[in-house]
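Okay, handing you the structure first.
So that you can tell them apart, the chains are marked A, B, C and D in the order they are listed, and the count of residues begins at 1 in each.
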Amino acid sequence: MTMPGAFEPSPVANYLPTTAIIEEAENFTARDRYFRLSLERPLGHRPGQFVMVSVFGLGEAPISISNPPGDAPTLEMVIRNAGSLTQVLHSYGPGDAIGLRGPYGHGFDLHDFLGRDVLFICGGLGLAPLRSLIRAVIDRRGEFGRVMVISGCRTPAEEIYRPDLTAWAERGDVDIVRLVDNAANMPWKGRVGLVTEPIAGLKLDPAETVVAMCGPPVMYKFVLLELAGAGINGDRVFVDLERRMRCGVGKCGHCQINDIYCCQDGPVFRFSEIAHLKEAFL
Amino acid sequence: MMSDNQRSYTIEVNHVTRVEGHGSIRINTREGVVEDVKLCIVEANRFFEAFVRGMGPEEIPWIVSRICGICCVGHQLASTKAVEAAIGVVPGAQTIELRKLLNLSQFLQSHVLHVYFLAVPDFFGAPSVLPLAKTHTEVVKRALALKKLANDFTAVVGGRTLHPMANTVGGWRKVPDKDALAAIRKRLLDALPEYEATVDLVSTLEIPPYERDTEYVSLTHPDEYALYDGEVRGSDMDGTASVDSYLSICNEFTVAHSTTKWSKWHRDSYMVGALARVNNNFAQLHPKAQETAQKLGLRVPCVNPYMNNVAQVVEIVHCAYESIALIEKVLDTGLRDEDFTVTPKAGQGAGATEVPRGLLFHDYTFGDDGRCVAANAVIPTSQNINNIERDMKHFVPLMLPTMSQKDLTLHMEMLLRAYDPCISCSVHMLDVEFVGGEEHPGEPC
Amino acid sequence: MISYLADERRVIQWIRHLAAETPVFFPMPHGKVNFRFERVDEASELQFARYRPTIIAPNSFLTPTKEEIFKYQRVGPGRYELTPAVETTFQILAGVRPCDLKAIKLMDDVFADGERDPYYFQRRTNTSLIGYACPAPCDEMAYCESAGSLDWRDGVDVMLTPVGDRMLIQAYTERGEALTASGDFDPCDDPDAELQRHLDERPKPFGRQLHAPVDELPAILERHWDSPLWDQHVERCFSCGTCNLVCPTCYCFDVKDVSALDGSSGSRTRQWDACMLTTFATVAGGHNFRADPAARQRHRVKRKFQYLNERYDSGAFCVGCARCGRQCTTGIDIFDIVNDIVDHDRAAAGGAS
Amino acid sequence: MKDTEKPKPKIAFFDFAGCEGCQLALLNCEDVVLDLLELVDIVEFREALSEKAHRYDISFIEGSINREEDAQRLRDIRARSKYVVALGACACMGNVQARSNFVAPAENFAVVYGEEARNRVQTDREYWPLWAHTRVRSVDEVVPVDYQLRGCPMIPEEFLSLVKSLLAGSIPFFPPKPVCVECKMNCNECVFDQGRTCMGQVTYAGCNAVCINNGYVCDGCRGLLPGANLDAHRQLLRESGLTDAQIESRYRLFCSQAETKHTGQ
């Protein structure tokens, strides 16, 4: 019996990673390693998007893209040693190959920031995805108002992208606040405290400021409270959320928060659009 | 210069390798005279006979299977039979055939493991099977293939290879898949040349020529080469003894200088295992197995304990042909799920089965609440220990004048391994000592 | 659409005939009280009268519990060759009840969302559905009518509808027409009348009834985020995931690689996961977004009655098959949870007015 | 995807009180044994070889620790090992023999060796080894354990996945979920639907529900799942007709150590 419409193998393209070679790798901290990879063609990504990184035999993990969008066939990222796959990636160096697919998700839209004062709030590894946007903003510095970066981490030893932070501070047209929760007897020239603390001192103009933030789950609630206190409306706050993602394309269900898929609908959201989702913030 | 054998020395082999469980050999010689020979069981106690008290009938075989990984099927079958005897359950014909298959698969697995992995390296002068993987690749590959076949056989019949769960008191929880069973039969047929190659390999080994007559004890059955069932027969007797009388067969007795119970029947000691079975029931072996015995120079009665390895190979051939025939029979009859329920009640019963290492007895008593109140297991190795000691006491003085300490050590280890002792099973052996008559001078080990 | 009439015996003959050429899966008794879809062979006992939703829903034939998505093979330093899995076996699922038919339709929506999932659709394309309209609730647990799936027939190739002691056979697709052509059935001139008879013969109400219409549930559930009921309904929960795994509209999966010992080759697989399992929402750093079983239960319930219908605009994602309540060892039933919430909502509204 | 050559890791197996079935289960991985030997050096494996070494990358410990001399030997192994893996239920949780912890050692000796042996223990030094038995302990009660391969017997696939992970420089991970997950994926009828009782709801998965697949029930040989809802499980067993004594007996079949571990019984 021949069956109408049957026996046609579908073209299977998704979920297949391509291979990219590591050009540069460097330990930023004891548990965060920086990678720069060369690609066959530019990623064509937006800041805030992510890629699925593969190690054959171990699986995949979602990793934020750190480099700004553009024509360079390059991918920069910072990978935290926090699991079986990332532990192995930490042993990789120049010349080693890894699998990639993506970019995935909705990132930041630069149009939301153009002409405004821009405040970046980064907690720990949260600087990794935000660096993509910060670099994009600085590249077009003249098209924005004030540009402010609050970057916090637990101890001085855990700061990532230190040369970038230094270089941005030296420009003179970007306000950089670097702080740690605890200097722990280590040399530290920045401030000590939580990322919420400098917000009041920035004397933000609520009508002009747009905020982009990314950090550990525990950070959001307190920052959002502080921003509300500074009069900043939820529709001017963009949050980059972390969830467990297994497929990256809105199928596997792991990153679901209410009716949204973090991977597909996010990971960047306008706060006012998800403020009602109680599971989005702790 | 004094020759090696004139000096006084102690041979100590701690944690004898390539045996199941932990045992040590200690031999003291003084000026060429053996002062004592001692085998220490250094296995820690696990108290199976104590802690199974309180368990229900169906739990017993499932748990006592854990006495020994390598003999798990044997412990399961003997204990299942004992429990059934205690509470008056009679399994159906299909169940008995499946149990026989399970037992055959274990013989194939255990004998292949013992011959290839534990015994053969001695003959090749290799410390283990691993170096043989480089020097005798086909031998090792064949060993692995035959072992895998036997393991898959156990898994198809019993549900899995180790501690299988399909057999239980009264019946089979899930009957084997007929296609899978047919596939095993085909693989066994295809493997016949490999079993033949095993025979050829063993025919090249030089078996030490020592002989010492002893009593050989095994099950015996009027209709078949007794492996799963039968009455008990000693080579010194006419007729048979019932399994229920096992206590007066093992005659476990305490010796002043040892905490273990020793076994003896019609003489000072007896031997169980492949050699005992082949000696007692040679005529019932499959013709191909009888041919194999002839080819390997095993003529019954054979009184060389090192020939136990050869007897194992004879049984490998027997079990292979027997399995093929029995699977055929089972498939022809067809397998069906049986309905069976087991009602716990009071009673006592013993059960015995042949396991690769010899005769195994289990005995359980259940109280009015249907829970176990007393348990006993007499394992092949504990029955053999007395005989091993007597072999050593006999052979060491014979070898001492001509052998270096090193060779003597190796030969004693080989002798022990020839018995394929399973010390893991030592449910109630402790500090077994082989002493040359008087109070021995050694430390407890 | 072509319609026929035949008695059940003839229909079963026809299914056997199909099974001789093509793998056909049909719900058959399994164990003491359960059913599962099993491949039809000569020995299979086919009947429609006795039925209880199968342990696992037929969606396992479209998204297997574990499936390979591609193989990889190292071909040089850092170079890998990938071979995607292609599944082209044609299969027929027969005797599929309306609840499961609706679930398959919902899965079509899920896997077409965003990037269309090729693995799902290659199986879906190669699967024919022969549905069976239930003349009576399969047992006292079913609430398919209340969940809005009882009369579902979208997506079937052939629908079998019992009418009296005969069966109305309707081919809805070209493929269904090809399948039924071999049936040697009597043509049916007025299928609508037969359908009406079927409806008239059916008990009313049909099975258990939710205490509120499913389209009101999203709003009701939204009002009870912090309800103590969530805690009450997990007191006996093992977080074992059974409710997810037996659910025809649960589709979450995990991705795993299975490699050869030396890592040079292997395959990437995906296998079913379950949001009731403790670590489902744990991220790499160790934070668990739903560590509390009550939060996981709330997520599951809202997913079936609120989140996914909002996302896919499809009506409830619960099809009322009641598998989750039936298979739960401690009898936690999503039907009871929802009704409890509805009752509390009504009581609160009553108290306020 | 890294292609650098590393020296072969040294792997050792040590057995304590147990049936040695877990080592046998490894020998039963006939398909991969030779491949494994290409990738690692097995330096101690008493059941199959006589070789020895002094430092180990991965030490697999089989069996429970029943005597102080065993504990000492284990501490010595730990000191010489990079990773220590508890191999099988005896090493992970004491297994069936931990049930003997509920009874005084002297009484156990009396049952197994007779009253006379028990009485002579106090006067005859030949019997002193009897005193050596302290209580049945899991490996992690004596030394830190890096990974556990659960089950009676252990599951060869888990062993291989652990070895693969460690060879790849990764962290082995065995998801904490109950046996029900695997049982359902095998489309088994729930044991409770068959009128029997099961430990699967509270037992660490990884066995692919092999016992239920083969017509039996789960007895919990892989140990209790951390955080399992034991109250609900006991209640379920009660509702299924088991008495409290039967429920205890059920838990004590394989998981008795969970009860005695921290009470020092």
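We adopt the following convention: a contact is a pair of C-beta atoms (placed from the backbone, for glycine too) under 8 Å apart; a residue touches a chain by one contact, two chains touch by 3 or more.
A quick note: this is a predicted structure, and the numbers were derived from the prediction, not measured.
Chemist: Among all chains, whose Cα centre is located farthest from the one for chain B?
Modeler: A
Chemist: Quick check for you: compute each chain's CA centroid and the global CA centroid, then name the chain with the smallest gap between them.
Modeler: D
Chemist: Once you count every C-beta pair in contact for both, which comes out on top, B-D or C-D?
Modeler: Result of the comparison of B-D and C-D: B-D.
Chemist: Could you work out how far the Cα centre of chain A sits from that of chain B, in whole Å?
Modeler: 65
Chemist: Using mean CA coordinates as chain centres, what's the gap between chain B and chain D in Å?
Modeler: The separation of the two C-alpha centroids amounts to 25 Å.
Chemist: Roughly how far is chain C from chain D, centre to centre by C-alpha average, rounded to an integer in Å?
Modeler: So the centre of chain C lies 39 Å away from the centre of chain D.
Chemist: How many Å are there between the centre of chain A and the centre of chain D, using C-alpha atoms for each centre?
Modeler: Centre-to-centre distance between chain A and chain D: 43 Å.
Chemist: Where in chain A do residues touch two or more other chains at once?
Modeler: In chain A, residues 56-58, 83, 96-97, 99 touch at least two other chains, as defined above.
Chemist: Residues of chain B that touch two or more other chains: which are they?
Modeler: Residue numbers touching two or more other chains: none in chain B.
Chemist: Identify all positions of chain D at which a residue touches two or more other chains, and write them in rising order.
Modeler: 1, 3, 164, 168
Chemist: If we use the touch criterion from the header, which chain pairs count as touching?
Modeler: Every pair of chains meeting the touch criterion: A-C, A-D, B-D, C-D.
Chemist: Quick one: in the complex, what on chain A touches chain D?
Modeler: Within the complex, chain A contacts chain D at residues 55-58, 83-85, 87-88, 91-92, 96-99.
Chemist: Where on chain C does chain D make contact in their complex?
Modeler: Touching chain D from chain C are residues 30-34, 36, 55-56, 60, 65-66, 77-78, 80, 235-242, 245-246, 259-263, 271-272, 274, 277-279, 327, 329-330.
Chemist: Which stretch or stretches of chain D touch chain A in the complex?
Modeler: 1-3, 164-165, 168-173
Chemist: So in the complex, which bits of chain D are touching chain B?
Modeler: Residue list for chain D touching chain B: 15-25, 27-28, 30-31, 33-34, 37, 42, 45-51, 63-64, 66-67, 70, 95-97, 99-100, 103, 107-109, 111-114, 116-117, 125-130, 133, 136, 152-153, 210-211, 213-216, 219, 249, 253.
Chemist: Name, in rising order, each residue of chain D that touches chain C in their complex.
Modeler: So the residues of chain D touching chain C come out as 1, 3, 32, 35-36, 38-39, 160, 163-164, 167-168, 175-178, 180-181, 184-185, 187-190, 192-195, 198, 200-202, 227-229, 232-233, 235-236.
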